[in-house]
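We just call them A, B, C, D and E in the order they show up, numbering each chain from 1.
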Amino acid sequence: MNLPMLWIIPALPLAAVALNMLFGDRLGKKGTAFLACGAVGLAFAFAVRAVLTLAGRSEEERQIVETAWTWFRVGDFSVDVSFLLDPLSAIMVLVVTGVGFLIHVYSTGYMAEDPSFRRFFLYLNLFMFAMLTLVLADNYLLMFVGWEGVGLCSYLLIGFWYEKQSATDAGKKAFIVNRIGDFGFLLGVMFLIAWTGSVNFERVFASAPHLFTAGGSIITIATLLMFLGATGKSAQIPLYVWLPDAMEGPTPVSALIHAATMVTAGVYMVVRSHVLFEMAPVTLEVIAIVGAATALMAATIGLVQNDIKRVLAYSTVSQLGYMFFACGVGAFGAGIFHVMTHAFFKALLFLGAGSVIYGMHHEQDMRKMGGLATKMPVTHATMLIATIAIAGIPPFAGFWSKDEILAKAFATGHYGIFAAGLLGAVMTAFYMFRLYVLTFQGKARFDESGGHAHAHAHAADAHGAHAHDAHGHAAAHDDHGHDHGHGGPVKESPWNMTVPLSVLAVLSVIGGWVGIGKPFIEGESWMGRWLEPVLGSGPHVHHLAVSTEFGLMGLSVAIAAFGIFMAFRAYLQQPSIATAMHERFGGVHRALYNKYWVDEFYDAIAVNPIYQASMRLWRFWDEKVVDGTVNGVGYFLEGVSALLRLFQTGYVGTYALFIALGVLALFLHFLRS
Amino acid sequence: MIPTEWVLALSAVLFTIGVVGVLVRRNALVIFMSIELMLNAANLAFVAFARQQQSLDGQIFVFFVMTVAAAEVAVGLAIIVNLFRLRETVFVDEINLLKG
Amino acid sequence: MNIVPQPTFLALDWWALGPVIALTVGAILLLLLEFLPQRANGNRGGIVSLLTFLFSGYAVWRVAGEKRELFGGMFVHDPMTVFFTMLFCSVGLLATLMSWDYVKRTKINQAEYYALLLSSVLGMIVMAASNDLITVFLGLELMSLALYVMVGFRRSRLESNEAALKYFLLGAFASGFLLYGIALLYGATGTTNLAMIGAFLADTPLSTNPMLLMGSLLVFVGFGFKVAAAPFHMWTPDVYEGAPTSVTGFMSAGAKAAGFAALLRVALRALGPVMADWTQMLAVIAFLTMTVGNVTALLQGNLKRMLAYSSIAHAGYILVAVAAGGPEGASAAVFYLATYSFMNIGAFAVLTMLGKGREERVLMSDLQGLGFREPLLGLALTAFMLSLAGIPPMAGFMGKLYIFGEAVKHPQLLWVVIAGVLNSVVSVYYYLRVTVALYMKEPEGEPVGISWGAPAVVAIVLTLAATLYFGLQAQGLWIQAQNSVMGLL
Amino acid sequence: MVPYLFLGFAAMLLATALMVILHKHPVTSALFLVLSFSSLAGIYLLLQAEFVGMVQIIVYAGAIMVLFLFVIMYLNLPHDVEKGAQIAVRRGIGWMVGALMLLFAGLLAKKGWVAGPAATAPADLSGGNAAAIGRVLYSRFLFPFEITSILLLVAMVGAIVMAKGRPASPEGEGE
Amino acid sequence: MAQLPWLSLLVFFPLAAAILVAIMPANAHKPIRWWATIAALAEFVFSLPLWWRVIPGQAGFQFEEKLDWIPVLGAQYHLGVDGVSGLLALLTTFTTLIAIIGAWTSVEKRSREFFALVLALEAGMLGTFFCLDLLLFYVFWEAMLIPMYLLIGVWGGQRRVYAAVKFFLYTMAGSVLMLVAILSLWFLQKQYSGIPTFDLQAFYQLPLAPSRQLWMFLAFAFAFAIKVPMFPLHTWLPDAHVEAPTAGSVILAAVLLKMGTYGFLRFAMPLFPNALEVCAPYIAWLAIIGIVYGALVAMVQPDMKKLVAYSSVSHMGFVVLGLMAMNSQGFAGSMMTMLNHGVSTGALFLLVGVIYERRHTRKIADFGGLWTVIPVYSVIFLVVMLSSVGLPGTNGFIGEFLVLLGAFKHSVWWAVVAATGVILSACYMLWMFQRVVFGPVTHEENRKLTDLSFRERLVFAPLLVLIFWMGVAPQPFLDRMQPALDRVLQMTNDRAQMMAQADATATAPLASRLPAAPAAVSVPAEQGGAR
């Protein structure tokens, strides 16, 4: 078999979905788990094989296109279901299948006791299918299939514990906010179709330079609309609000979808369309600013959150901001590089957090943790690696990518953005180590005998009076999917959770090395060279002096170190500093703690007005005015009818009178004519 | 020689008197009499035209009208008698069981 | 002028006069037969009138293709006569069938009833067949007199008597106008013969002659009364409600058709040359008629009354055709009259079966739940209502199609066409109320008893068949209607 | 002479006709109607319609009005009581309609009076009016004449049906 | 096979079946529904060849049957099928079958009449799609109202009478004006060619002065707009849908609404192209308003059926918008959306019907947590909902995307505003789904709900298959509809050009009488005269 069989990569998880749906109840948990993980693992294997095939080709031919069938063809417009593997999608597909596989494995442990185990893997496989479709698509519309597909799976997985109001709310919010983005994406694609007549990447990119004036309004509007789509999917201002709420889902979901893969789809799309974006400098500027602003804002919010997953969520938003401003400054390769490294360490962070939560019996509040380093050594070690990675300490993965982004921003003269990036970096380091310190260091702030920190207060009322078994109750509320005995001492997670942690930890360390470039080696980094067939080497020609490069590196390391130091200082050595700061900047803290009241703001300016307006539209306009007019005609006629009946008095005299009047009227008619 | 116009005017006035009678009276019998006046007005017109045109058709018509009138009277009076038997009234403004 | 023409009657003439003779003989025979004893609840009257109608229809059908002018134009045998004679005979036949058991249960089963029925049909035929205003008038009076009595036939019933009185007084009043109008026409043209009036008007264009105008106007008032055109329609609901149901059915179809037949003949033969001036006025009257009829019908709770208003509305539709004028318009009117007669009689035939004994259960509420209790009756009534509403595939739709199809040819009538179709939407509301009562309401109070009778069922089946057939395949009737006015003598 | 006679008859006709509709007692009205019919008969005579004039007296004034009087007296009708606002309104409207009708007719007539054809078909008046009428009646007007006979038959039957016997008891609504 | 009057059989077989069902004994529920199902199934199977026997590449009408009906009028019994009507007919037979099976247990009362009426309705609908004679079309169009009216009025909910009468009157009000226009057309045709005819193809050849087209187009459009229904003529729909029995709602949504858009496509647009050009922007904006408006109002509905009904308003707005875009994408999108809407909304109504049958309430607030109790149902609900939302991969997306694309090509703003409907549809559907299916079980009654029976699964299975089939591989459908759509498009454009020229001749004498520019207008007048 010479064919790389790209289609089989997404098809495998889909097949698993189908099998799981049909026979899942006979397979049992083990079978389900095996099926799900096996499918993804196999997909990974196929992906590796395909990528190796790709790598085996010369640079000019590093592109594999496989057309499965014509999706639809109307008039002169046609869309194929076809897949494209090039260096860019290769990275994505490896990350997705690889990290996805690890998270699948992890989930077999994490979700082991959940009664909806099968459903979970069903969704997860479905997600894999959608995500792979997204990254492997060779046209915008098929990409959109994956795009919306991952949105759907995100919706389903966030609302996985569907009996919980907040979970389903969050799922719905995620879907709808994404839809707003999709609206933009779709319109953007339509611009492309209208001008280029195609959605195929190759054809669009090939013809775009001839059809659009660079910097012209059409391409700007089109790319801005596409970027709107990206902000939805990748949680950027103004559509980032769904991501923190999405933490209602099971933690592996957060790791896979809301950290490693799906949320980076926006970045992927922008990078994929870099030809178009490069033609629209205004859009790029907007992207850069939005990215930087998001990076900063999310970081500030992350500083004060207490929920371990929420901190990570804001950190994700912030890191996505980095990726976007990378794209915005033209450093598409750096963006993708960060996507990759981020996938490793953020997945690890989430999984680690999941492990902590698992170990803590569903406690997510960091104020009730502490001192877990000894109790959960593997978790602790891996988490620490990830934290360092994200904080940007070399030679961990995060450093390389983040540094490249900052360097590119500096190099292209976006000093404001560069500064924002630096500020974000210090805050990242700070809040990540705050998380680390609060969780693993210091004294344990929970009842070590194993009592539940918050004693399932709401579990009781959620279940009311009816009897429930230990497992049945698990599905009833939040992240308590695996109720392996109430209480019990805090202990390390099982192997199927720790192994993926370890693998990811390794990747978090070495994952960045592929991107080691300029100051250390001659020419482009391996990563840069790999991506060159896609991104070309054109625009990023700003070569910084080696000294400047090193200077920037040093700066960023120093800044990260400062953040780390401050975190240790404020939360470990002298907790009073933290409290003092809270008191000192009460207003700021409140604003941060409440996420700048953005949700409330959106509620006030969009959600509620629309709801109220709809209500009025229905109750008043539809029922009273539109339907009222219709019924009014009826009432009017009935009124006339009643009136006419009055003339029908039953008296002969009246009738005769009308006859006479009729005669008169006829006379009059002829008199007038 | 009486001008036809005169006769015609007379018949028109007579006809109108009949119409007015129908409109203003409430006694079914009197209303009926007024209708007879109208018929007679028509007859008058017929006769006048017949004379003007030197033709007998008009007079023949009058003859038929009289027959019809007689027949109508027979039936009409029978109906009125029946009405009176049932209701003890001949006033048409007391008869409005059917209305609306 | 040969004042004593020797009447030379061909066999054809005898056949052509067959209906007139047969109906006269039938009526007299019925009265004579009273001297012979008959069983209580005998059906002698019904049988005799049935045979009479059958024979009449046969007689005229036998010579359907011929054209003859008899009695110097007093009676013409032409396609229109044939058409209307057949129609009136069918109406009479159906009326006989639906009266059959109805008159028995309401205790008015007398020979006179059928005698009057026959005479009234005779009057109608004379109206339709006469080419002279004298015979038109006499036919109208003959029909009317018989109807006055028939309306009041349940003479111990207050409503019946009241209806008769109103019909009579107003009918006589309108006759006065008609007569005066005829007098003026006679004065203006010197003749009462329609063809000669037409010829006179064609030779000497006198359309502005006030005498002619007033004459034709008053004649129109007389016919307008008979066909219940607004504002001469007001007797209709009261009379229809008060009259025995079978009589209502009969007169709603027959008298209206006869009125229109005469009107059309007068309009086509005599006033043809001046009809153009009438278009706008007729359109206004048509509009008023249908609107008043339909709108007032909306809230009626009594089916007979509702159908009375509906009959007014239908007169309005037909007047649209009359306004459209010419042979085409007339043929549309003729077509409509035929379909209308069948569906309306059908509806009344159903109504005659409602109630036991002497009771009359024709309120809307009496129908509640009937549709499922008596599916066939409900189905028939529904079909008639839908047909009256002009919904395909019923005959009523074809009638409306024809009328409006003719009317749209005249741009100045477009407004009345649109008003007409909108009116038919309004009418749908009250026709649907019947189906609502039939199928969608739970029965309240004592359920209405059904007086089944084979003849009435036959009548319903026949009318239903006609309603459906002419709805699905109108070609034959259409051609007949066209022929009837094309070959006018 | 003839015109004066005509005017006299006309005046009497109108006066009596008015009295018919004005007088409150039906019997009086009926008697006035007889008078007006009689004056009409006079006018007929003046208009050379002798046969019709005679028939007018015999049939109308004689037969029909007797029937009227018979019924009025049979029913023993008193004075009509015509009081109240309704009657007044009706009266007002009635007269107004009558007046307007005359007015309109007059106006219409003024617009372009054409007298109509004179002597389109001069009749054969040999043997006098009655004979002439008889001739025509049994020839050209044979058919209507026959219809009239049926009409009278119907009237007879109808009158008998309507008035024979006494109804047992009035049926009310819905019975 | 060429001589077999296949389309007639298709039309009249259900009618015959209806009559047969109607004369069965009233209380024999089981045989009645079995026979009704068998009849519907037979009809469906019998109609299946429409899929492959209608030659996809051929644009014109196929399987034409032409018989004289009323020769004096030139009305003919003329049936024919092309890609558009063929697909809609398939949708009809399919939906009827589904509706009948779905109504097995929900109609206990007077089931005989019920099934007979559904079958009769099927005959009417098929007739409407197949006929190529305007008079015949009108007959079917109106006749179809009767069974639907009875279905709503007899087997409906609380306000059934109101809803049924409203449905009837509303539709009638629109269609009578269309009748007037049809008659005018007929008359013009008679004047033009001297031959009276109602034949659609003859009308396609009939030149009409643009000035004359306007009112006729409006009359047609009014009739169709009511049926679609387009804002602001939509208010009969929520009432009718809410009150109708499930089968009625399904057929109403799946097929009857399509009559309106089909009418646009087949009649109003090709016959009056110049008037269309004038009116298209207004109609399109009304459609767009309908999209947004329907979605907004749907969002706040407390009643599930009403919500779906308003969502229909929204979806049908897409259909009309696609038509008004007047390009092949818009047309194809419209047609796809018609089919999709038939499948998805039909399924939604069935789903509502399923729980209504069990709980006798449709209030969203009365449910919640259904996933726990009836998971199979919930999953199907999820899929159907997503299809309705237009998720790529399901059928809904193809239609909406093509419509938006078509609209975009015509006017960017159309697409922009209409695309907000995509967002809003997610809002109302997801919210409804959340409140019904997610959350804890809040009503004890819901705990006893039983999941879908085998019969019900049988009903939904083909719907789900269609949802995915049409979403993943819609090309077979597009292949079938496109030649016919292209023909309509072509014809509309050609006629518009032809008649615009013709109008120059018609107006030229009038214009030349004006003092302003006498020379300029006389030239085309002469050209036109020569032509």
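Of note:
Keep this in mind: a residue touches a chain if its C-beta (ideal position, glycine included) is under 8 Å from a C-beta of that chain, and two chains touch if they have at least 3 such contacts.
As the structure is a prediction and not an experimental result, all values here were calculated from the model.
Between subunit A and subunit C, the least number of touch steps comes to 1. Common neighbours of subunit D and subunit E, by the contact definition above: A, C. In terms of the distance between Cα centroids, subunit C is separated most widely from A. Two chain pairs, C-E and A-B, are compared here, and C-E has more C-beta pairs in contact (counted per touch definition above).
Centroid analysis (C-alpha atoms only) places D farthest from subunit E. In terms of Cα centroid distance from the overall Cα mean, chain E ranks first. In whole angstrom, the spacing between the mean C-alpha positions of subunit C and subunit D is 29.
For the pair subunit B and subunit D, the distance between mean C-alpha positions equals 5 Å.
Centroid to centroid, with C-alpha atoms defining each point, subunit B and subunit C lie 25 Å apart. Centre to centre, using the average C-alpha position, subunit B and subunit E are separated by 63 Å.
Shared interface positions of subunit B, defined as residues touching 2 or more other chains, are 4, 18-19, 22-23, 26, 28, 31-32, 43, 48-49, 52-53, 55, 57, 60, 64, 68, 71-72, 75, 79-80, 82, 86-87, 92-93, 95-100. Within subunit A, the positions touching two or more other chains are listed as 645, 648, 650, 652-653, 656-657, 660-661, 663, 667, 670.
Residue positions of subunit E touching 2 or more other chains: none.
Here the touching chains pair up as A-B, A-C, A-D, A-E, B-C, B-D, C-D, C-E. Within the complex formed with subunit A, the residues of subunit B that make contact are 19, 22-23, 26, 28, 31, 92-93, 95-100. Those residues of subunit C lying in contact with subunit D across their complex are 1, 3-5, 7, 24, 27-28, 31, 70-72, 74-75, 110, 112, 115-116, 119, 122, 126, 132, 134-135, 138-139, 141-142, 145-146, 148-149, 152-159, 164, 187-191, 200, 206, 208-214, 358-360. Subunit D contributes residues 90, 93-94, 97, 100-101, 104-105, 107-108, 111 to its touches with subunit A in the complex. Contact residues on subunit B toward subunit D in their complex (touch as defined above): 1-2, 4-7, 10, 12-14, 16-21, 23-27, 29-30, 32-34, 36-37, 40, 43-44, 47-57, 59-60, 62-64, 66-75, 77-82, 84-87, 90-91, 93, 97.
Taken in their complex, subunit D has these residues touching subunit B: 2-3, 6, 10, 13-14, 17-18, 20-21, 26, 29-30, 33, 36-37, 40, 43-44, 46-49, 51-52, 55-56, 59-60, 63-64, 67-68, 71-72, 74-75, 77, 80, 82, 86-87, 90-91, 93-95, 97-99, 101-102, 105, 113, 115-123, 125, 129, 132-133, 136-137, 141, 144-145, 148, 151-152, 154-156, 158-163, 166-167, 170, 173.
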